[in-house]
Amino acid sequence: MLRLVVRRLLQLIPTLLGLSVLLFLWLNRLPGGPASAILGERATEAEVARINRLLGLDEPVWIQYWRFLKRIAQLDLGTSVRTGQPVWDEFTLRFPATVELAVAAILIAVVVGVPLGYFAARRRGGWLDVTSVSGSLLGICIPVFFLALVLKGIFAVNLGLFPSYGRQSTGIDATDVTGFAVLDGVLTGEFDASWDALMHLVLPAITLASIPLAVIVRMTRASVLEVLGEDYVRTAEAKGLRSSVVRGRHVLRNALLPVITAVGLLTGSLLSGAVLTESVFAFGGIGSFIRQAIDGRDYPVLVGFIMFIAMLYVLINLVVDLAYSLIDPRVRVH
Amino acid sequence: MPLLSVDDLTVTFRGGHGRPPTRAVDGVSFQVDAGRVTGLVGESGCGKSVTALALMGLLPGKGVDRGGSAVLDVGAGSEFVASGPVDLLGLGPGALRDLRGSRIAMIFQDPLSSLNPVVPIGVQVTEILERHRGLRGAPARKEAADLLDRVGIPDPTRRLKEYPHQLSGGMRQRALIAMAVACAPRLLIADEPTTALDVTIQAQILELLKELVDQEGTALLMITHDLGVVAGLCEQVNVLYAGRVVESAGRRELFAHPTHPYAHGLLGSIPRLDAPRGDPLHPIRGSINDRIAWQDGCAFAPRCDFYDEECLEGPPALTEPRRPDHRVRCVHPVLDTTAEEVTA
Amino acid sequence: MRILKNRAVRAATATLVAVVVAAGCSSERGKDDEGNKSKDTFVFAAPGDPAALDPALASDGETFRVTRQSFEALLKHESGGSDLTGALAEKWDSNDKGTVWTFDLRKNVKFHDGEPFNAEAVCANYDHWFNWTGSYQSSAVSYYWQSTLGGFKKNEDKEAPKANYKSCTAKDENTAVIEVNEPSANLPGGFSLQALAIHSPKAIKEYEKQDAKAKGDAITYPKYSQEAGTLAGTGPYEITGWNKGNKEVSLKRFDGYWGKKGGVEKLVFRTIDTEDGRRQALQAGDIDGYDLVAPADVDTLEKEGFQVPTRDVFNVLYLGMAQGKHKALKKPEVRQAIAHAVDRENLVKTQLPEGGKVATQFMPETVEGYSDKVKKYEFDTAKAKKLLSGAGETGLKIEFCYPTEVTRPYMPAPQDIFESVKSDLDKAGIKVTPKPLKWAPDYTDAVEAGSCALHMLGWTGDFNDGFNFIGTWFAGYDKQWGFKNEKVFDAVNAGSKEADPAARTKAYEKANEVIMDYLPGLPLTSSPPAIAFAKDVNPPEVSPLTQENFGEVTFK
Amino acid sequence: MKPPMTKAAKADRLAELMARRGGDEGGAGLWTEALRRLRRSKMALIGAAIIAVFLLLAIVGPWVAPHGPTAQIWRGEVFPNQGRFVGPRSGNWLGLDHLGRDELSRMLIGARQTLLVGVVSMLIGLVVGALVGAVSGAAATLGGAAGKRVDTVVMRITDMMLALPSLLLAVSIAAVMGQSLTTVMIAVGVVQIPIFARLLRGSMLGQGGRDYVLAAKSLGVRRRRIVLTQILPNSVSPVIVQATLSLATAIIEAAALSYLGLGNPDPAVPEWGVMLSQAQRFFDNAPMMSVYPALGIVITALGFTLLGEAMREALDPRLRG
């Protein structure tokens, strides 16, 4: 098991190197530089030239790349041009928010999606099947930002049930332990802070959950349908087992295997892809930060981020595989 | 009276999706006597497996019509079932669940796909003990170990923790058998239990089944296309064709005097060591799909060497051309066969 | 394996239950907090995060909006107006040449860290800036110092502007004298810049060593500038916290303030980058006010009973023309034709918030030097057509850049304004090829490089001096415009070296007339950036320079 | 006693009876099977209906549109800065947009643009993705050790592409190429590439293990032929399904890009995504202005998705029944 982990991490290195080269060439093709991004309409050519010289952006690409490599070697992701802070700090500052959001979204998707998919499969062709499937499909078809706006308009602005933006209310000055607002509240006993953070999570999480939900419903449905046709289910029935046992032990446990992989990958994409949701709800996560980085040509942040995501993906796949080996005896990791 | 008497059992799959309805079992009648081994023989597609599933109540609820009756003497009753004879086809799902595994059990064809890959063997055995015998925890595991031991699985306590993919094909089938006999059912249905195994194992498994039924006094309904198995195991044989019993007789009688052209053909198509060199096999021509509906006449007619217009005048009835205990559904039974022509 | 799994599951459920239960019983308390919180905390939503908490290092309005509540410069603009008045200096004066500036400082003023404010303190600050080295000299860090007082004691970059700052001397406890080499149009206005606000010398000493490193490929702001409570100013509020994750800066009332104490106990600035986001937050009652209201929302908000006070205009939006890019623009008739083709009234009527005006010249009427006698180009499509055919440019094809994904105080809805102007030009028979670009850096770069034949850009004044407007464009050759015209350049520069305010104003008026005769581009509009407040707030005096002092805020 | 039948007569009679019995199951090919099931699936029918309408609009829309997309004919009547808009009325059945243009006309003309974006970007993803997938799939199934290596490398890259947030990718593309309809199409298309690649490769690997391929190999059929004539044809069905689904995602992604201000800039060719992202600013005063394009997008996307899902189900041998 440990060997697997190590092997995976080693495999990561060449990938990252290749990726970084591509990135560097790519980003260097982007017009405009950080200087003018900082100064906006106040930028004059001279200023831009000076700043670029100061940042060594006037040097040839390969020199820049070499510098970059040396930095990375020292585990230094560089410094954000826009905020003037170390990229790593910026990430660690904002990532927990995104993780919280992504996890909440996935939880919703799983808790709602799996049962829906299961019963849809059981009553295949029935109204529940049709509604749940096409309903979840509808989820995919609504542009996320529009869904976000509508949800916000209704539940935050008109009904005032949930806060309309951010992670925490201003009144509550929660002590920051892990950066995970909800968790912190529990740890420090500031339960009102936890509650507050939860409330802030609801709308963004639902918005973000719309797509994973659809995926999970369909996967669960398909895979349950498949399992229901399996011989071992028939065997279980032939033993006269109670239907609860047949469903739980024999149908679900097998049907959920593919769903788990899906959940893993979905989480990954959520962690990197919450750009729209976060910016609509002004949720101080990595998504909105990256969007600003793109607008501001914040190369170090972008490079760092993509490196970050790459690692993240490898890790997630690892976790999925390990989880798999826990549930599916056929793929024990040795 | 017999343990199980199936009378005019019909199973029809409603087409749906624009397909014509297909009648898989078309008025099958046969009997299984307590403690005896009864064979249900026929080539694939003749409806033997469907018959078995119908008896087990494992056919899908939707889109399937059942007819006729299958009366089983369940002995002592349960919360859902009155004791004594009950018509399996008339029972509700709850009742069937009570009977399945306890009074009537089944062994399937492919041992690998018939075992849940992600649940340890032990659990798959104990769960049935728990369900029907209320055994839990340690005693259940103990009992399970004994069962595995009885079906000849070495080192049972270790095996209990293992998963199906860690067992050999034979082991798996033994495990399935262990589950089937776990509650000493009155009737055990074995659907091609050896087809998926290689020959050496086949023999062992058949041996095992024989022992078990002898010890327990369990009646065994052996469903197979393999006449070898029939010859080795069954006391009473029913030959199925296109969803109907076309010939029914004791083993010796049948092998001695296969009277229905189909049965005759079946036996004729077995290669035999003592046959003179160059003496050709006599396969039955065509496939089971070349048939006509029973109500139009003999379904076997299209493949039959002897048929004529009489065969096409409505369904032939069961007759007893040779002996009262040898029933044949044919207009032109093959009566001129002599013993030495076909004997195993 | 299974055991472990179960344990994990149990743990998870346990926590979950804990959270929910806890939440359940504590939610009540949460509500109460909300209840009394709104009494003493004023939450204001800004469109962007501050860059640093040391205004001297910043060049963006969001930083200044925050620091202005905590740091004060020598001078300031009068509340709600654009005229200079004393802040930390009670009176100020200069010699006739305008090179020696004498400030009579306010007495018994204390910094937040208890240090006394006096002439030494002032000079400590100015010398500190003047002696900046390394990447502090980058205009990304010290833009305003350089644009008002030029370079540094030792310019490390030959391209840097030459120093105009000479010295600062403490004549006595309460008199500071700042000398410059050349008279400059940026003075005295520059002394009011938030970037030149005075910090406690103690703090400066302490954090001087921290360098703004140009590390690898970015300038790192010094650590102190990213933390609350490092610097100390003299303003009505102290910065107590900057929660970057939460995009929130919080300030506490400073009771030792020399002037009128802050109206509310706590100020909080939160960042909500989208217009809708800010509006909805206000409507939902999550915030007490926000800036940069979309014109479309002004009316809605007022209808719903929110307060949307109108600012005076202090900016100008213009239609830039790059003669270097498109030869036809070199012809005066073409430029005039375009001027006549555009229906600027319609922009004001339909696009701008209440209080918007048609711009007749390159500065708003609130600025000294605004002239009524400039040549006006009224909307007249027919005339435009005639001029074009006269210039032999009928069926003129031209590229028109506009920025996406941005709203500027002077340009509320770029795409809409663009589309209106475009359809005007179409009517006059000018074929426009639209070229949208991301605001920064794509758009700003393209415009700077003069690669946008037509483009929209604008300017918000830093302080009330004409040169701060026209000087930024027409003091000399500039690729953005791509024309050389000494007449214009001279007229513009005439005022800048002029020490006497009256004469200077005259010069600017002249300059405006010259510019509008030459018509390098077309001033479109001046629009007041709208700001909104909740119903239960007594808003501060709104400032044309968006320099609101939130100390004036109280709750009804 | 009837006269004896001739052999021929008997044969005919038999044939007749066998025919009467009706054919047996099986025999029907994958596609005919699938089609039969499709014709009976509600989802498929609804989806197809929606698509049909959409296509019709896309084709005739621009001709039947009463006004030009950019003509600010009623400019004087709409005041976005005062929240005063004009709703549906005779002459402008869907009212006016925020610049006094006829909303209906813009919707009609927008339909074609939206379709264009969807189709082209889907094709980009499909063609490139399928190529990549096919190569790496072929390499993996028949390329031996070297092939395996090729395959892993290719898949790594696609993994990375998948890992990158699609918007980030799209945005940076737009940044390089400048904003235009083509940019949007390419950006959205590129995002689809890895999906198609993985899909095709996956199902090719699946086919590669099948007996008939082994058979072909053992018979010494040239590898290229095996891939082209055996593996590929049997691997396309999931790709076709995905293509249908991609039409939907493409349209939505395009809308997202527009929301980020990277949509097709040219007001002369309104696209629903752009219209939506421009209109949502006025949601409070003129909700319908956002609702029209939003509905357009949602319904169209739903159409393609429904059809795609139905196809997926119809083609999935495991879900037969």
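Order of writing sets the chain letters: A, B, C and D. Residues in each chain are counted from 1.
By our rule, a residue touches a chain if its C-beta (ideal position, glycine included) is under 8 Å from a C-beta of that chain, and two chains touch if they have at least 3 such contacts.
Labels paired with UniProt names: A = ABC transporter permease; B = ABC transporter ATP-binding protein; C = ABC transporter substrate-binding protein.
Please read these numbers as outputs of a predicted model, since none were measured by experiment.
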Winner on C-beta contact pairs when B-D is weighed against A-D: A-D
Centroid-based (C-alpha) most distant chain relative to chain C: B
Rounded Å distance between chain B and chain C, as computed from the means of their C-alpha atoms: 89
Centre-of-Cα separation between chain D and chain C, whole angstrom: 47
Where chain A (ABC transporter permease) and chain D are represented by their mean Cα positions, the distance between them in whole Å: 25
Shared-contact residues (touching 2 or more other chains) in chain D: 175, 260, 280, 283
Shared interface positions of chain A (ABC transporter permease), touching two or more other chains: 31, 149, 153
Touching pairs among all chains present in the structure: A-B, A-C, A-D, B-D, C-D
Parts of chain A (ABC transporter permease) lying in touch with chain D, wherever the complex brings them together: 15, 19, 26-27, 29-31, 130, 133-134, 137-138, 140-146, 149, 153, 218, 222, 225-226, 229, 268-269, 272-273, 275-276, 287, 290-291, 294, 302, 305-306, 309-310, 312-313
Interfacial residue positions of chain A (ABC transporter permease) with respect to chain C in the complex: 31-51, 53-57, 64, 67-68, 71, 76, 78-81, 83-86, 93-94, 96-97, 149, 152-153, 156-157, 160, 163-173, 176, 179, 182, 185-186, 191-192, 194-196, 198, 279-282, 284, 288, 292, 295-297, 299-300, 326
Residue ranges of chain B touching chain A (ABC transporter permease) (in the complex, touch as defined): 56, 58, 96-102, 105-106, 108, 110, 113-120, 123, 127-128, 131-132, 163, 165-166, 176, 179
Touching residues (chain side chain B, partner chain D) in the complex: 17-20, 22, 289-293, 296-297, 301-302, 307-309, 312
Of chain D, residues touching chain A (ABC transporter permease) in the complex: 42-43, 156, 159-160, 162-168, 171-172, 175-176, 248-249, 252, 255-256, 259-260, 273, 276-277, 280, 283, 290, 294, 297-299, 301-302, 305-306, 309, 313, 316, 318-319, 321
